[in-house]
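Next up: some structures, all given as structure tokens.
After this come two complexes, each holding chain A, first together with chain B and then together with chain C.
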Partner chain A sequence: MDRYRIIEVKQSVFADNDAEAASLRAELRAQGTCLINLMSSPGSGKTTTLLRLLPLLQRTLRVGVMEADIDSDVDADTVSRTGAKVIQLHTGGMCHLDAAMTREGLRQLGAQGLDLVILENVGNLVCPAEFDTGAHLDLMILSVPEGHDKPLKYPLIFQRCSAMIVNKTDVLPYFDFDLDKVTQFARQRNPGIQIFPISAKTGEGVEALAAWICAQIDKEKEKKETRL
Partner chain B sequence: MDRYRIIEVKQSVFADNDAEAASLRAELRAQGTCLINLMSSPGSGKTTTLLRLLPLLQRTLRVGVMEADIDSDVDADTVSRTGAKVIQLHTGGMCHLDAAMTREGLRQLGAQGLDLVILENVGNLVCPAEFDTGAHLDLMILSVPEGHDKPLKYPLIFQRCSAMIVNKTDVLPYFDFDLDKVTQFARQRNPGIQIFPISAKTGEGVEALAAWICAQIDKEKEKKETRL
Partner chain C sequence: MHELGVVFHIADSLAKIAEENHVARISRVTLQLGEVSTVVPEYLTDVWNWNCKRTPLLTGCVLEIERIPAVTHCGACGQDYPTVPQGKRCPRCGSEDTWLIQGNEFIIKEIAVPDG
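== the complex of A and B ==
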């Protein structure tokens, strides 16, 4: 039996993605599932970060993962080896996921009964930032080799995300990357953005990130309980 | 006086970008200007590669550069210091350039009299590959930290490009990047793709790349002469 399935998702027919996203977010909140949308450039280490995070999150949470890609199932294959519930979404050339595509992915994954679903979006710093997926929490990874000037060039994604994970800190000695500068530039875009330097390769910093994510999920649950 | 200007370019009203691109390509060929479209993920080293390439190309060619970005003029500022004719194109949130935006950039740059214009596209492996800019030569950079699996995940850009520049070879010892595998995966997408391993940081491999680019421009000129 296959460890995961591959689903072809198509662009939404909903003219108003924002309304669809708000509706999905409310439904997920009602069923007690938190949705995280994880974004980055290609090769920033989304999957490797997930491989480090999943065992920490799975200590207390039932977690599912949706791997979005234009093609290939490299990532679902890798993540499924952790034992997490995983589905691969193929976007058929699309550069981002919208709320309807996310909803279809969640349906196929079977999100009922999960505390947390992490959507690994298509590797792209531009388009995914423009489309609300319905997530409760938007996170991004910027990796050291990409350079500290990225908040100047790709403003929207830094504005949208609650946290910036600075990955590949293990190679800091080999790159002209200034952590103080990237912090300053990111906060120019988004004064409240949380910043987590990590190395998904060595595991450094991942505990702190996992603890913060768990705290955000607890806050989401409180929102639900307050509303009941 | 400013060393470069910043131009706001807007998405095309042309329904048929392919026709507009073909027309632009023919006009440029007639005036003896070769257009190169350089694409990559954010932070792969497009600008640093240009800084290495420009002095080599400028030995025999009159070169202009168009720096496309969603925001900021970091790159135009950097490239203008080489003395090249440079213009910054702001896409206003757009994730790629189309042929009409490229045409407007060329007009504002003043491409008449130039042998070569290099368009540094928005950092994105997905959308720029879908839009013909009118270029005679599409090139892409994949940097070592991004990983050798990218041709599996972002097929179109590897299909479109005549050459893949593998940048940041100076950090090969610190990453699990397999040059043989990336060659194999890229050629699965595009059997004729040329592959140039370089380090824009140290300059290694850039002479061979510059020589190949000059040979391609000569071929373009021959096409023009044959048609006259």
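== the complex of A and C ==
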């Protein structure tokens, strides 16, 4: 019989990714680039929301976008029409981006000189929430047709995000979606979560969201200045 | 598909650990997996076996999974209770001021390597 020797490891599977994410976050802060990780399920309107949001953010900020999908470049093509610097990342079958893939994406994008990079993560409410990308701000979109019970079913993503954008409010009359209930369920998971009801189709609510994002970026910049 | 990414992460960590310990082969890996971590053990094992076939360090490496039960603590009445049947609301006092104290672990506990 073969003899074995045991080596004790006791290391979280996410430890390497967490360390990589922390160092990426610090480097970006030092170069003055804020990274936003935008998550949601497929079809919630991430790209349409970006199309509304980008012109408002571009009034004061130099913005880049990284579109992550398993395949295709339809989203990058659409977003590039806003004039923002865009690249498409292919995850090659993976359901999420990790910090190393995000770092490589930022390098390809050329994030130096940008005030803000928005990472549009792979459409999925489960896996992206597990992997820290190195972002300074995690945001998510929940759209009206998905239902107000999602914070109960997918708690982690709601715990992780600073804000929940409730998209497609223009179709509220046609769905049994309760805005009060979704607020209550999301705050059970994350008492501090900000909630922005918007319609990316009509533009309703997008100004308030853009103003909040700009305020968060200012806060990030202050953090950098206090550190120096 | 989540399991695929996770297996790549574990394999990367093991490659580093093997290098640090001057190990050329790993025979067994023991993971501790919490009951409410988002990983499904059966899928993880399937992807694991596939990845071992393409990784010399892990050829024939057995994956052993230790489950850790999920336990929630109630801040209002101080009771601990099993998370999966009860959920967020404390079964004793009804409070929702509760938090998970164990059960979301995903840890590489130890590895076994051929001796000598």
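Convention: the second predicted complex is superposed on the first by the 213 of 228 C-alpha atoms of A that agree within 3 Å, B and C clash if a C-alpha of one lies under 4 Å from a C-alpha of the other, contacts with A are read in each partner's own complex, and residues count from 1 in each chain.
By our rule, a residue touches a chain if its C-beta (ideal position, glycine included) is under 8 Å from a C-beta of that chain, and two chains touch if they have at least 3 such contacts.
Since the model is a prediction, treat every value here as computed from it, not as a measurement.
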Partner contacting more residues of chain A (chain B vs chain C): B
Touching partner for A:L156 - first (chain B), second (chain C), both, neither: both
Partner chain(s) touched by A:G93 [first = chain B, second = chain C, both, neither]: both
Touched partner set for A:C127, first chain B, second chain C, both or neither: both
Touched partner set for A:D18, first chain B, second chain C, both or neither: neither
Which of chain B and chain C A:E222 touches, first, second, both or neither: neither
Chain B versus chain C as contact partner of A:E207, first or second or both or neither: neither
First, second, both or neither for A:K168, with chain B first and chain C second: first
Common ground on chain A, meaning residues reached by chain C in one complex and by chain B in the other: 93, 95, 126-127, 130, 156
Contact set on chain B toward chain A in their complex: 41-43, 69-72, 74, 93, 95, 122-127, 130, 143-147, 149-150, 152-156, 168, 170-171, 174-175
Residue ranges of chain A in contact with chain C within the complex: 2-17, 93-96, 98, 126-127, 130-131, 156, 188
Chain C residues within the chain A interface of the complex: 1-2, 4-6, 9-10, 12-13, 16-17, 21, 23, 27-28, 31, 38, 88, 96, 105-116
